[in-house]
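The first chain written gets the first letter, and so on, giving A, B, C and D; residue counts start at 1 in each chain.
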Amino acid sequence: MDPLPRRLLIANRGEIAVRVARTAREMGIEPVGVFADADAGAFHVSHMGRSVGLGAGGPAETYLSIPRLLEAAASSEATAIHPGYGFLSENAEFARAVQAAGLLWIGPPPDAIQKMGDKLQARRRMRTAGVPVVPGSDAGATSEDPSDEDLIRRGAEIGFPLLVKASGGGGGKGMARVDRAEDLPEALEETRRVAIAAFANGRVYLEKFFESPRHVEFQVFGDRYGSVVHLFERECSVQRRHQKVLEETPSVALDPRLRESMGRAAVEAARAVGYVGAGTVEFLLDERKNFYFLEMNTRLQVEHPITEETLGLDLVRAQIEIALGAPLPAPWRGGKLLPQGHSIEMRLYAEDPNEFFPRSGRILVWEEPAGPGVRVDAGVGAGSTVGVDYDPLLAKLVVSAPDRAAAIERARRALSEWVVLGVETNAALLAAVLAAPEFRSGRYCTDLIGRLPPRAAPDPPDVAWIAAAIAAGDDVPATASAAGVSAARPSGDPWDARSGWRLGA
Amino acid sequence: MDPLPRRLLIANRGEIAVRVARTAREMGIEPVGVFADADAGAFHVSHMGRSVGLGAGGPAETYLSIPRLLEAAASSEATAIHPGYGFLSENAEFARAVQAAGLLWIGPPPDAIQKMGDKLQARRRMRTAGVPVVPGSDAGATSEDPSDEDLIRRGAEIGFPLLVKASGGGGGKGMARVDRAEDLPEALEETRRVAIAAFANGRVYLEKFFESPRHVEFQVFGDRYGSVVHLFERECSVQRRHQKVLEETPSVALDPRLRESMGRAAVEAARAVGYVGAGTVEFLLDERKNFYFLEMNTRLQVEHPITEETLGLDLVRAQIEIALGAPLPAPWRGGKLLPQGHSIEMRLYAEDPNEFFPRSGRILVWEEPAGPGVRVDAGVGAGSTVGVDYDPLLAKLVVSAPDRAAAIERARRALSEWVVLGVETNAALLAAVLAAPEFRSGRYCTDLIGRLPPRAAPDPPDVAWIAAAIAAGDDVPATASAAGVSAARPSGDPWDARSGWRLGA
Amino acid sequence: MKLSSGDRTVDVTLEDGAASLGDRIVPFIPRRGGDTLVAVEHGGQVFPVRAVREGDRVYVWSAGRTFEFRVEAAAARAPARARSARADGGGLLSPMPGRIRRVLAAEGDIVSRGQVLLVLEAMKMEHAIRSPRDGKLVRLAYAEGDLVEAGVALAEIE
Amino acid sequence: MKLSSGDRTVDVTLEDGAASLGDRIVPFIPRRGGDTLVAVEHGGQVFPVRAVREGDRVYVWSAGRTFEFRVEAAAARAPARARSARADGGGLLSPMPGRIRRVLAAEGDIVSRGQVLLVLEAMKMEHAIRSPRDGKLVRLAYAEGDLVEAGVALAEIE
């Protein structure tokens, strides 16, 4: 293994920047942060050894600016770069620029990023490697950029509903569901337009739509010496707007045989692009337990902690060591890893729990859950400003317990401890998922959240009205005596909203 | 198993009250807290479903008052009581009063508490059970309350230095080291005097003193049906003032054979008193790896989390289930438990890191470490008042990693994240232990802390002086520009105290 | 003072040892840790709580749930601005804070129900603002690149 | 202003964009999250920091370590009270805050070096306060049960 870098630039913000910084410190590497001007007081900066400003502007001019990031690395004398997820993490051009600057790139080979980044190209490679892919318009097609007429013909063969997908998209972006043949031409046009704007790649294709699929992904790792292994699955079917809200491992949908064949397919997928480092192969699993390759994320995944918890590993450390030339650890290659217990990740988003509209503001009170089996990877704290320019993910709550039932109860306990005031969050949605019989049974698929009853704003109990009045005025003596006041409800449980008084008007 | 209680009274405060409340919630039991008047805003109250006041007074009139605690259980309709550790947790009278009031006692049988609470009685039972005990004046003695002349004679046989111990003491309390025969009479008198005052039991005995012992304890669990098992060891040799500061598991001092024989002895010790529930058998391990029974703690141990982390268990849940009549889980009885990785607990005390004098005050800033492999069990938060009436333990930091070296680096990382301002803590001592070659090698014993160099107050770097000035006046514009000011030290690492400027005068 | 939560408004008065909530009297004792309200005692039992005010909003945490209250001005300043705008059929409100990514219509255009007028972007999410009915676009309040708050009127259709 | 840490006292002046620390000028930019100082920028690099003042103390966290400063009064109020008392050979100072558990000597007693005069208790720990030398106990400032702060004079020996 090459010597450790003295400083590691983390080209990201929020919880993942903090996450990577923690491992860097544990390895004796100084984590160097970056920040946009407007973000100078941001939470992640407090977890770095030092940070460097990226200047003014929005994400495109700062966290997405390759020259500014390379400058930051130079000025801080960082000799390695970890991209986190999002931003430039799956940008092959960035990876190449990092390497061209003589810096260590903590990520997969740029070629592998590129090969998986183009969905059509990736699907073709997967077919060649014998990995099943979702049936689509590109199967057996002669051109990867067919005419709309060709696509409309293929659409009729695939049947409706179907999905129009941008080859340059991924992660739930650049796709549209089409229910009727007559809507297809417009959807093709719109998707192509969006794709050109967003990904500078207007190629689109059609995919069979599954009504009640599960999304199950496999963590894979490859080293420079050609070894590729998987680190088991993550169940990612709890989604809103095609994006994950809660993940768990193991998946109740897999039995040992299915786990083995999906794991083997994931390893084959990674091998097919010469993968080195950490990656995730996403599969769609249909009701009859057929699985299909969806895409490969060529970076650390948001939900990587549940794999860390059940395997007792540090995936960021493994990323860094592999980038430095270490082989995969012998127990990984020997199939000696055995997941222990059950782990669930919940994503706390700054968004309303019903419509999922982002929310912004200032976090006035922030008290995290803690204690046994609870890990919080946060990207904000008390006083943090939540703006509109970045991902609404505030923090991830990861709970682990000996079995799934205990993990669910632990998750509910931990959620109930979390005090976040000042910015609306999706905590009520997370609580609703954990309470849903469908989720608790384990028999759920990607439509779960859509089928939940709406998260009604709860009726405040007396104690909340009183607390609100105190905070609004804060004009009550701190140790007032209750003597001499007749209690309206002297017994029972007067503070429970369920048994509670209803307001008159 | 009997049905779960609806409410559980937690007869304690601080981190352990919070710890127990968390498990209660996960089991669907409402945790009920108690608090002394002066403690009404205390941290643990915020983690309860509800709390009940114990009235005015110091610990003796509140957390140690059996009638007030039973009243609190009655008024809150709690039907079970968990004592935590300390306070009344090892008070057989309290356990009997709880049971006599028709409440469920989450602890061992009162008789077992009593049998282990008297050290002379416990030592006699251990000898009978074939468990080796530290050589002492009571071996083969005809009376358990010998005259001073008898003890002085036995002292000469045992040799100096030796320890005078109160039969009613324990946990490092009620003991005195005597180096010379001529000091023994006075030490006997003093120890007896202290013992009468503190434990209402004036019996004392002599124990051989070991120069460089280790303290290694075994977690044991028994059920109502006669099964007793151990859940492996905890290494507790990092001590100051005979009290633990840092614990780890596994112990590097044990090989599988020694672990097996000590574990067997621990199980025999528990069996000998008909033990049910969670307990800890403490052993002294000498340089030649002979082990001796020291005492048994008949309650949950402060350092129980490291066992939870390496085994993936919830010991409080097990306590409650066993108290409700559940048998020990089958995998425990079948010897199927296998510790994974390495875990270290550090106790953050409100005390100075050199002399270990308690510190009081108000916690102005409190930011806990978090992230992978980090668990914090805290008893305070921002704004908490640290008084002089209670244990100085503020919080426990528990880190886990695949191996000991990684756990140590993780511990250092986590400690470095912890921001505690307003009350002095022993964080610098913890950091010094983690950095000490002796500790890192694993070859250390109870004299470790005494052998460390003093924790010199570090020289503040420039950034700290500037921050102090800002906080003192806070009269600098939030976004002042540095333009136009000539940098005194434009390059290098001017913020590092090691390379730092020394103040002139 | 008048506090609102959801569609309820209540007169809350705090006295020494008791609160009047509408027409009920509820005895209580606030419990503080340092200066911060951390619990409220009622009937001999203490319940943890957190509460903080920002502008005319009060946020409260109690028993694992979060509540938002509005402090209503003393005068009869009836419904809040956002709501009044929503009630006004002509206004088209921003559903979230964000940045105007694209403007797809111009003032004076005749627009049809469902037509996308604007694309609003926040936190990596694009949201199409569609016309609620057929009509004439008489006002477009923002241009591409503008930052908007949640609840502000983006456009008006006659 | 004058700040002290350990046995060092420094004149610190903050100007727009720079601090004078004694005779050196160090350019810096404070960085805040909300109202809270969270980092200090120097030479293009930003270093996290936390700082808070309470009375004449300022507590600072920087790079994983904690520092305590004293804000010295503007006037020449030389050494702090505790230190002056400590310097005074006759005074016996409380090493920690706590409660006087036992008083084992009386004013007027002739005491010898090492003799236990008081037992101070805090947080389950007893600490014996011993006479630093032979002499006469001329003052005992507290009685059993009294609460004392760290650094106050408990007794005086002539």
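Heads up, the rule we're going with is that contacts are C-beta pairs under 8 Å (C-beta built on N, C-alpha and C of every residue); 3 or more make two chains touch, one makes a residue touch a chain.
Since we're looking at a predicted model, the values are computed, not measured.
Distances between chain centres, each the mean of the C-alpha atoms, put C farthest from chain B. A count of C-beta contacts for the chain pairs B-C and B-D puts B-D on top. Between chain C and chain D, the centres computed from C-alpha atoms are 49 Å apart. Chain B and chain D have Cα centroids separated by 28 Å.
Looking at chain B, residues 47, 362, 367, 381, 416-417 sit in touch with two or more other chains. Touching two or more other chains at once are residues 32, 41, 47, 63 of chain C. Contact residues of chain A toward chain C in the complex are 86, 241, 350-351, 355, 357-362, 364-365, 367, 388-392, 415-417, 419-422, 424-425, 427-428, 431, 457-491, 494-495, 501, 503-505.
Residues 18-19, 22-23, 25-28, 47, 305, 308, 312-314, 340-341, 367-368, 370-378, 381, 400-402, 406, 409-410, 412-413, 416-417 of chain B touch chain A in their complex. For chain C in complex with chain B, the touching residues are 31-36, 38-39, 41, 44-48, 63.
Interface of chain B with chain C (complex): residues 33, 35, 40-43, 45-53, 75-76, 362, 381, 383-385.
Interface of chain C with chain A (complex): residues 1, 3, 5-6, 8-10, 12-19, 21-30, 32, 37, 40-43, 47, 49-54, 58-69, 71, 95-99, 122-125, 127, 147, 150.
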